[in-house]
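Shared between the two complexes below is chain A, which has chain B as its partner in the first and chain C in the second.
What follows is the complex of A and B.
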């Protein structure tokens, strides 16, 4: 009489215990492989790189180097005019690129969303640049902007009837404009895709109501479309911030940061220091500066994403 | 009466607007498409018409020699000026194996992580999520030097599994983030109902959440695949020989110090684009569906 309830109790409690154990541990079991792989392939090398950046390691002194603290960072920050020039140029480059890509993306997404037919053809065409490897974008734009045989000068020739040999990649402002154009060509389609997804998911009722009230196209855009698109704009910006260094491939191929550092961005500068100059330690310090640059962007965007998602936000 | 005329002129101006919209759209698309067109066109042009001066706009004929050379078939002109005999078959195999396998692993692990972020509550959840994203934001160029040294010590440099490992790690965070959004868009009542019917947490995941999140997985898969397929900064450092070299660093083999063989390079570029285009074409509808289903809402 007493044994049976006890046994049942034991079984029940064990089952409850087992369920609660697995329930409690399931998130960690599911996350564990991802965390291990990321720590191994990203975390550990970055720790090693942090250590390297605090030493005087170069390719030739690989056996014999000293711990020198923050000296590499201090040299870059205080004694290297090239660093600040490339840093300022990178900020300008990213600011211009992201804003122009956003405006173009919004415009094209609108055009596609309003198109009567051929929407999926248009979408497929505009997605083509997304499939190009950034390095391929670099090669092709280097060729297009070539002074002698480039497509751009050839088109100018065809339009004006006179041969042009504009040194797009060499001239000071033109070099910067050329890498900017390549970056915009490569990344605008991505904005189009995300923003078009946003436009397609907008509810129709507010627009019908606005139409009845006689709102103009601009008013509808300003007071309905734009606010409702904000989450998508955030998403697009967040993804862009993760991949902000994709521009490295393009610029490295097109100009390599040259000539005379005219198009040097912080990423091509890492390459110049670490691999061309074989100053591994200074290169590692420079790498960390690029990482912090990316993190500021990423942290800011994802902080906003988390805030709206987990602080009782919708969906 | 006045209302009728107003609607009439309104609809006429609207129709004109639509037509303008259409013209403008295709004009913009054409501008964006020129580089794509030029690459494809160059790969089938006659050698003397590439980089000719004055430029030749209308090709006098087409030649598939560049592709024949790439595939090792005999042609009257023989090999390219640069990049003589390139082991395209090896590069293609490496690129396909590395991209597909890493995408698959990243999808499985990233989906699991996304599910955890969407459905469980635990301490440091926000911190873990943010840490993952910060890991993803590390530029390849910053990672390439330490990874190069580490891989040399571990014997992983110039191996296919080594590259797969890198791309899995790079693709997990973004996949997790997208999937988190997709799982969030599935009403929790559905899962609750499944659990009341006797499903375990795991059973509910497999029977309810997973099927509903599939379009989302397609979208995440596109991004993961394209990242692996097109990645250059790390591939150029880690892969050295045809044993593991992928297409993006292989493009360099057509360049010399001052000249490049554009015929060979464009032909290989087209080969590189074909699988990406096919893959995107297959999952394009799911991509738009996935992105509109609320997953990307902040």
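What follows is the complex of A and C.
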């Protein structure tokens, strides 16, 4: 009498358990291969390079994995002025590039958004620099700024009638300015795309009301466009900041960080130290220091974004 | 077991995944830790993995030889001799890698460091082999090549790759720096000393608008090497017998000062510090350089009127001397080595003998390479007598003289490139006026001392 209901209950229980297992765990099981692959592909190299950064490993003493603790970090932080010079130059590079790209991007985005005809053509043209591989941009600007046969000096010759051999890539401020121009040329379209999308998505009612109230163009921009565009601006600037913090290929092709370390950014220095100089462990330590600074910067940046938006909401 | 216990929360799942991943990563780390597997197979008795019944007269029948080789330009032409060797020996050659010199070096360094060598013969270079020796990657060649077999090779080439009492590389061809000067702008006699060179470069610039007196490749090992050969001619040494860097003495300072003075006088192109080998060669064929030191290997390019504005308008000379009465002569040679991990070392040696044979040398000489055997030099110099090229015979005789008397490699240490990585930015700073020569070289010496100390040279 009682066996059948019990058996049915057991079967039902097992079925529930199976359903429960599949419903609750299936997503995790499906994700598991990706998690394992991510751990192996990203986690393992990171752990391994962290381990390397704590050793005296170099490519010329490949069997020497002596654990030396934080010595490489201490050397870089307290005994390597070149590291700090490269770091400072990278921060300056990011600051200038992001802000100039933002100003140019905002201006161009406005022009395109206000254009009555030819918007799509303008948008396509403006995006062209994004279609080039950074390495090609590097070669292109290396030729532009060549002292003997470069486009820039030839234009100056055509204008002035006098030969100019300005060493754009060698001179102290000009070398830095040259790589900055290449970076800005390559990446301003990204700002344009994001900011134009923001401008086109703004509601029209506040602008119409401001128009009725007799607000000037600048007032509308200052008090309506800019505040409403802030989320787009912050997002674009955050992405670009992190992107430029990784700047390597354009600079490596144009100047290699030289001459005399005049255009050395943090990643060209890592490359020179770790690969050319074969100081793998020191290079790994430098990479970790840079990544940690990037994390701090990202946190600080988003903290300020949220703070300013909150403050903007309160006002 | 309650329902609650069966559930796995996301947090637990991530924790478990993290532990599993961490364990996997640690497990993966374990074999990558201190290791020298590259050396292990060599210690074992030869396993003859490709063993097959030997055919009479074909000593390596059925076996496969794996090769890690340089490629590009004319380097591959020599490999056309391989089918004949395969026919003679019954073996097969399999290329596991082909790339340019720097790619090949990078791969070799990494393979030797990681212990992943699975080839028998590798390309080698007199500037790079010390790193491979230090990593324990190469087999000494003394037992595979008799004195008689080595007798025909130019002795300085063999000496350039003797280290720790062993021979490590069999030379295939070499190159050495040589003074190239324009005959169409009134240079009647090449400079004999570096002092004369400096003054002539300044005068050429002054008297020939649009032409720079001279140039050097201005970065990386190219710049360090040029400065090294000048300071050697001035009587300087890079290291003392204890491998302590001493290149901040008067000779080294004089060499660095000369580079700075030439640059600051405008006798060299303003963006020279951004030039490498191809760039200086391009400047030369564009006809805007009066004289400079260059490798012989570019000769056919320079004499081709389709690519060069200076074809037929230049001459060659021995490198200038310094105060020590020594001619400069930065040199290097390409060759072949046997890996320590090879299980077929006899077969590897046999292939190297074949590729560096007089036939191999003759084939490469026709391509314009400066080859490694004296007997072949005698042949090609005799043949050059009847050449239409007025420089053909002079070029060969000069190169042979330089190979015999001026052949100087960088120091045979694995730290040469890392050291160069310290020195060249400082040389650039000196040239651009950012640092005084003495202060700059003092700093370079200090940093190099630290490098050598870290590498274990001082106990």
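Note that the second predicted complex is superposed on the first by the 255 of 315 C-alpha atoms of A that agree within 3 Å, B and C clash if a C-alpha of one lies under 4 Å from a C-alpha of the other, contacts with A are read in each partner's own complex, and residues count from 1 in each chain.
Rule of thumb we're sticking to: a residue touches a chain if its C-beta (ideal position, glycine included) is under 8 Å from a C-beta of that chain, and two chains touch if they have at least 3 such contacts.
Quantities reported herein were computed from a predicted structural model and do not represent experimental measurements.
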item	value
Partner chain(s) touched by A:148 [first = chain B, second = chain C, both, neither]	both
First (chain B), second (chain C), both or neither touched by A:255	second
Touching partner for A:41 - first (chain B), second (chain C), both, neither	first
Chain B versus chain C as contact partner of A:105, first or second or both or neither	neither
Partner chain in contact with A:169 - chain B first, chain C second, else both or neither	second
Touched chain A residues, chain B compared with chain C	B
First, second, both or neither for A:127, with chain B first and chain C second	first
Contact residues of chain A, present in both the chain B and the chain C interface	28, 35, 40, 43-44, 48, 148
In the complex, chain B residues that touch chain A	18, 21-22, 24-26, 28-29, 32-36, 38-39, 51-55, 57, 109-110, 112-113, 115-116, 120, 122, 125-126, 128-130, 132-143, 145-147, 149-150, 165-166, 168-170, 172-174, 176, 181, 184-185, 201-202, 226, 229-233, 247-249, 251, 255, 260, 262, 265, 269, 272-273, 276-277, 280-281, 284-285, 287-288, 291-294, 296-298
Complex contact set, residues of chain A against chain C	17, 20-21, 24-25, 28, 32, 35-36, 39-40, 43-44, 47-48, 51, 56, 58-65, 146-148, 165-170, 255-256, 258-262, 272-273, 276-279
Touching residues on chain A, where the partner in the complex is chain B	22-23, 26-28, 30-31, 33-35, 37-38, 40-46, 48-49, 52, 107-108, 111-112, 114-116, 120, 122-136, 139-141, 143-144, 148-149, 151, 154, 157-158, 163, 185, 188-189, 193-194, 196-198, 200-201, 230-232, 234-235, 239, 241-242, 244-245, 248-249, 267, 270-271, 274-275, 280, 283-284, 287-288, 290-291, 294-295, 297-299, 302-306, 308-310, 313-315
Residues of chain C that touch chain A when the two form their complex	3, 6-8, 10, 13, 17, 20-22, 24-26, 28-29, 32-36, 109-110, 112-114, 131, 134-136, 218-220, 269-271, 273-274, 283, 288, 414-415, 417-418, 421-422, 425-426, 428-429, 431-432, 434, 454-456
